[in-house]
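Please go over the structures that come below.
Note that subunit A is present in both complexes that follow, paired respectively with subunit B and with subunit C.
Moving on, here comes the complex of A and B:
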């Protein structure tokens, strides 16, 4: 009982996750700045932002529905944090594992988007409403290729639990090389989930101020930003486990370090992608997802089915 | 314990000033200089400064221009939409005292006639270096104020 509480609240749960996700945000921002030939923020910048927002005044707009407005950020944060607990970090076994937890993690990563929608919708400001509707429109575009990309890897492993996937790829090394197309599809879809450039259409600051977050201030804004950071880490961890499943059966400490490096590698790929591209329009984004990402993910599925028939009978 | 918490919060406020840029009737010269200060050449993110679109997210309201009669009401509204603690910086001669518009029938002659101002940055237009210097001095004064308490 005590051990489980330790896992949930301290390591690798709540406190570790907060420290790690703020570090990931720093690395993301620093790489972004360095690629633009800037010096970039100091290492404590995400901490200063977070603490400052926690200490600021909370404003609830008179027009809004206060209950939904206040609950949405906490709901989003809780969903993002609990998704992390199902991901194996230093061995093939996760803290909490059952058959089908891959679907649960994907579902928990979808919940923050829904919470952003609800929060934005009930703040009853025009900008928030446009932003939250864009959030949902975008969800229908990137969610399908993301699921197809990740599930194609799971299909090859013949298991819908993250533990099963890890065990399969440990037993069949180098099979992950076949999944690289699925990895690129999932990485690009993940950009949409994290609302980063080129898919930052919901919070496009030149058009809709800050999208669904427009009316949020103080502590609730801090929670929303923290949710996005934790989604960044959890999404990267999920991709790292599903698409780069190697070195999971070495010494736990070494395995943990290698896994952290894999996560930070994916975070830096995301930072690179958001530097080199510009924001798309919402219709261009949906066209791109359905015309290019989904067929690519379908090809990956087909490839994995063929591989399964040829090698894994 | 309370003292330490207060110190950490003051530190965080000084290290992370998010700004909101608002044109209160300027001729656009000061606005161009403010934008120039935010470009990679001067890189204000070194000091944690980020430009925010929403007044709800901002800590520092950066105003340029003598407040025209039309914009006076809107300036008050934007100021009231910002969460506490908030600061106002007046950029340029017009924003400080009315500048060349002093004596005109349609201006309030300075931001401080409408809302409280924490820092004045003179210049016509104020150069990006002056703007950065002004913001840094504002933050330093915060630290001093906190030390005196």
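Moving on, here comes the complex of A and C:
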């Protein structure tokens, strides 16, 4: 009992996750800045931002639905944190594991987007409403390729649990190399989930100010930003586990360090991607996802089915 | 927000996409723009009136502050107009120095625009890169004139500072660096898919529309209209220098980008030529304090397009009337046309593509009744009377002082 509470609240749960996600935000921002020829923030900048926002006044718009407006950020944060508990960090076993937990993690990662939509919609500002509608429109575009990409790897492993996937790729090393197309599809779709350039359409500041977050301030904004950071870490961890499943059965400490490096590698890839492109329009984004990413993911699925038929009978 | 429902969204007067206060009321249906209402007049600064209260020499520095970016454009246009009234012949060296500063200013303005355009389409890396390179030209301007903006180079009858041989070397060195960087930007703008996707086909303004709406500067040139005061009505040293007027046939935001980036290369060419042919001699002649009565209209090709100044003198040391038409006023009407049937996401870049400078443009006050669309434009005398009345209500009354002053002047 006490051990489980320790796992959930301290390591690798709540406290560790906050520290790690703020570090990931720092690394993302620092790489982004260095690639743009800027100095970039000091290591404590995400902490300073977070603490400052916590200390600020919460303003609830008079026109809004206060209950929904206040609940949405907490709901989003809770969903993002719970998703992380199912991801194995240093061995093939996670804190909680059952058959089908891969689907639960994907589901929990979708919930924050829904919460952003609800929060933005009930804040009744015009910018928030446009932003939240864009949030949902975008969700329908990137979610399908993201699921197809990740599930193609699971299909090869013939398991719907993260533990099963890890065990399979331990037994069949180098099979993960076949999944690289699926990895690129999932990585690009993840940019949409994290609302980062080129898919930061819902919060495009030059068009809709801050999108769904426009009316948020103080603690609630801090929670929303924390949600995005945790989504960054959880999404990267999911991708790292599903697409780079190696060195999982070494010494726990070493395995943990290797896994952290894998996550930070994906975070750096995201920072690199958002440096080199411009923001797309929502119609262009949907076109890109359905005409390019989905066929690529479907090809990956086909390849994995054939591989399964040839080698894994 | 239902899809079949229309609604209006305010962009400005305060909005992250705009650097200056300007009101755009956008009628939307989903993401599609049905119509745009533009409201000018948030930044009435009374510079024209203030210019009538100051001497010509003081006015140069006042008018230099009409715009923070094209400060040299406005002051040159003003002194050229005054010189025309006074019938002064400015020394050749002064004209060349004015040209060099004008082109350096164009370089810094176009690089600034490139960064702003990048930011508007969510490409912050382009913003950081082009503004870093802009520092090169800013340093050169600081070296030559002593200031990064508001150079204070012009005076009636010439310029106030000379360009030394060593400074000329520094400028040439900087031009080499900038030319290399500009070629890189041309490569980026013509190869990066997301940039092309966001810019081409957006904000289309056909050649006919340019002629109809009288757009100026790069906005007109990007639609294939060869309109450039530097060639049409040469001033300063432009008549003696060879350069091309860049035009483009894309007619959209992409074309405007291409025109501006290619104009950078032309500017480097002009600066190199001007430095090479820089004539010897004095940099200014002595101008009279009182300008003889008369009027003149000056034209000048600012980085944003044609800048027009009208000055009327009455033989005293203060002008009777100064009228400034900044290039943005000529272009802003075209924005409404460009945005028809486009998406909300195109709004920032289309507005930015005319390189607007709203605070330089604003000249009038429009009163809008709260809660209705009715509005009226008030004239200068009634605004003057209103301001006196308003200050009286605040307890500030100058009428006694004015009487005393009038009595003293009469004595």
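One rule holds for everything that comes next: the second predicted complex is superposed on the first by the 313 of 313 C-alpha atoms of A that agree within 3 Å, B and C clash if a C-alpha of one lies under 4 Å from a C-alpha of the other, contacts with A are read in each partner's own complex, and residues count from 1 in each chain.
We take it that a residue touches a chain if its C-beta (ideal position, glycine included) is under 8 Å from a C-beta of that chain, and two chains touch if they have at least 3 such contacts.
Predicted, not measured: the structure shown is a model, and the values here were computed from it.
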item	value
Partner chain(s) touched by A:36 [first = subunit B, second = subunit C, both, neither]	both
First, second, both or neither for A:197, with subunit B first and subunit C second	second
Contacts of A:44 with subunit B and subunit C, given as first, second, both or neither	first
Touched partner set for A:209, first subunit B, second subunit C, both or neither	both
Touching partner for A:217 - first (subunit B), second (subunit C), both, neither	first
Touched partner set for A:284, first subunit B, second subunit C, both or neither	second
Overlap of the subunit B and subunit C footprints on subunit A, listed as residue numbers	36-38, 127, 205-206, 209
Of subunit A, residues touching subunit C in the complex	35-38, 126-127, 129-130, 133, 197-198, 200-201, 204-209, 275-284
List of subunit A residues in touch with subunit B within their complex	29, 33, 36-42, 44-45, 47-52, 55-59, 127, 205-206, 209-210, 213-218, 221
Interfacial residue positions of subunit B with respect to subunit A in the complex	8-9, 11-13, 15-16, 40, 43, 45-46, 48, 52-54, 56-57, 59, 81, 83-85
Subunit A contact footprint on subunit C (complex, rising order)	1, 7, 9-10, 15-17, 28, 31, 118-126, 128-129, 132, 192, 194-195, 197-198, 343-348
